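To start, I am sharing the structure in question, which I have written as structure tokens.
Going in written order, the chains are labelled A, B and C, and every chain counts its residues from 1.
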Amino acid sequence: MSAAGAAGPRRSRGGATYLLGLILVGVIVAAGLISFAWTPYALSDMAGSRLEPPSPAHWAGTDRLGRDLFTQLMIGARIALVVGCGAVAIGGAIGMVTGILAAFATRFADDALAAVFDILIAFPTLLIAMLVVAAREEASLGTAILALGIGLSPIVGRITRILTKQVLGQDYITAARVSGTSWGAIVIFHILPNIVPFLGVNLALQFGLAVMAEASLSYLGLGAPPPNASWGRMLQEAQSTVYTAPWGAVFPGLALFALVIGINLLADGLRDRLGRSGRDAG
Amino acid sequence: MSDLLTVDGLTLATSNTRLVEDLSFSIAPGERFGLIGESGSGKSLTALAVTGLLPPAIRPSGSIRLGGTQVVGAPERALVRLRGDAVATVFQEPLTALDPLMPLGAQIAGPVRRRLKRSGDDASRGAVRREVMALLEQVRLPEPERLVGAYPHEVSGGQRQRVAIAMALACRPRLLIADEPTTALDVTTQAEIVQLINALVKELGLGLLFISHDLPVVGQVAERVMVMRQGRAVERGSTARVLTEPEDAYTHDLVDAARRFDSALEGRP
Amino acid sequence: MSLMSVENVSFAYGAGRPVLEDITFDVPRGSNVGLVGESGSGKSTLLRLLLGLDTPRGGRILFDGQPLDARSGRYMRSYRRRVQAVFQDPYSSLNPAHRILRIVTEPLRSLKVPGDHRAMAEEAMAAVGLPVDSLGRFPEQFSGGQRQRIAIARAIVARPELVLADEAVSALDLSTRVRVVDLFRDISERMTMVFVSHDMGVVAALCDRIVVLDRGRIVEAGDTARILADPQHAYTRSLLSSIPRMPESA
């Protein structure tokens, strides 16, 4: 398909999904930020009766102990974002460092690292994360973030390795060496600026995965312990009352869905933009 | 006499730009026609338009008559038959034009079998194989027995281009389009491929549309040329006249540039 | 004295077949030397050796009388200051993420050349015939020929003594190619150049000496005029006779 002809309709479609992603993520980020200053009730405040359906007093209803679910959802947004950012930061850092090292390594070491990435990717992220939590013998928010970060790192490492190898094959790297630029400076000034935009798309997707995985960990009781109101924990607590008070499961489920879809739409939009500037340059 | 290819008022445009504008030329059976242009001149798009292989985003208007059939606006089914019958193309890079996972013999056998079946001839294994060997000989490939079983990466660039030419000839076209067929090759190989194309066109009485940015190469192949710049024809005429007494300023620049390197080779920098 | 001498150099990748064998030639100070060969001749590998990007298996390369020691960081810094390069593909030799100013001044920064880098970049841009305001733009805003001029500006900004060019005009359109060849001619008046190319016409237009390579060996070397008029080796003769020429004027 030709670049020139595709640009018209694609631009508007790409723009619309990007905007929708921005709105979904924006609403959740706003909710998380506002939760620091204001929530309808205190988190552990048993403000209503048990299992109240949504009402003007409790927009998302109440849980088994009569606590306000909307308050928990707002705090949960904060936790989801912290977990996503933290896990992506840790996974991104480990993955980028090992990926770049692999790309620079001699053939044997490179093959070995590539094989390690592939084997680790074959394990579900959640399984790796559960092993890390088990090893730390303590379920805390920090452990969950660390565990998810480690779980994500091989995927980032693998992509970093491939992107770095592509950049290393470009003449401007040879030109930089001939200009007397050191390898360290080549990584910082030539490789990173050219791989980070593409890696960014992938990291956004990993963010979505991390949020999902944290919910799964919490659901299994391996995530952030109470009183943290993670969406996964909310789902777990609503499990036994899902037929009598479905709102307890529906709202955190929707919030999770909105954040993950929103992030994916943003990543798609970002990729479209990159693709377009890539074509313009070529 | 009816022309093999008649292009009349051809314009190629996307939704916001015109890539080729109001182009007209014709090629008679057995005639060798050269299309000269630099990057962005629209010369390769013109070749794609002739075979009906334009990307969907580029819309052709005007008329392209190929062997009596209108190409512009023709349904894909008619075009498929046309491509197998009236016209075949040889591209710049034989390594990407050939399937890397298929032996060379099998790649040539494909179009041979289709042609034999269509004409109701014997399309048995033996008949196809005989025809493939004949084609390999026709493009002067040494050791055809060995080459039929070889894969594209196992032979040299020049040999790959010869196989690509054999594939093009397999469907017995009346018009051969060669789009920068020598650009990716070494100079010594380039000369051999030019000779081969010239000899085959003469032997088989083919019409030839030869597309290149390389003036001396076009000079060795074409009888008439057209020079394109940014989608428009700026000059046309007999090759000898255009390359010795260009009238258009741009053609003049190109000819001067080519002569610079020529005279450098004569030791006159 | 020769600025660069290549003495019995050989090279192979890993345990593979030798890519270069017994390569010996001189680059006199102030001369333009053309290394001519087709694909598989080893010319690009030879250029990598001359740039210190790879180390010869055998033999040695002398620069200004001293052996080129690619393992010594200190030696290479002074070598890079004196030897720069221009590459083939103008689309891949400029980092798309950097502005032209940053691209052109990279050797100055990396080699810690003292002075006003911006002024030096402006001077280099003027020397390659590009407007000074180009420095604020990105590579994607330039055509192939302009990009190659930028790459040349980067090669000359640190005022090297030797510029090595690897097929530096092959990717350009004919009309652009002539102008960039002219630019190289201008520049070569002030420095020594080694021009690697498969294109005998370009080399003939630029170089006073030619070294012909075939399958990793030198088959012939000498003055351009002599090689063009009286090629000794069969390979050189076939190379010269294969080049298509323009038809003679009627």
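Throughout what follows, a residue touches a chain if its C-beta (ideal position, glycine included) is under 8 Å from a C-beta of that chain, and two chains touch if they have at least 3 such contacts.
None of the values given here were measured: they were computed from a predicted structure.
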{"item": "Maximum centroid distance from chain C, chain identifier (CA atoms)", "value": "A"}
{"item": "Most extensive contact between chains (C-beta pair count)", "value": "B-C"}
{"item": "Gap in Å, rounded to a whole number, between the CA centres of chain C and chain A", "value": "47"}
{"item": "Inter-chain centre distance, chain A versus chain B - centres from mean C-alpha coordinates, in Å", "value": "51"}
{"item": "Separation of mean Cα positions, chain C and chain B [Å, integer]", "value": "34"}
{"item": "Touching two or more other chains - residue numbers and ranges from chain B", "value": "none"}
{"item": "Residues of chain C touching at least two other chains", "value": "none"}
{"item": "Residues on chain A engaged by chain C in the complex (per definition of touch)", "value": "170-172, 174-182, 185, 189-190, 193-194, 277, 280-282"}
{"item": "Contacting residues of chain C [partner chain B, same complex]", "value": "38-39, 144, 173-178, 181, 198-202, 204-205, 224-225, 228-229, 238-250"}
{"item": "Footprint of chain C on chain B - complex, ascending", "value": "38-39, 157, 186-188, 190-191, 194, 213-217, 219-220, 239-240, 243-245, 253-262, 264-267, 269"}
{"item": "Complex contacts: residues of chain C adjacent to chain A", "value": "51, 53, 76-77, 80-81, 83-85, 87-89, 91-98, 106-107, 110-111, 139-140, 151, 154"}
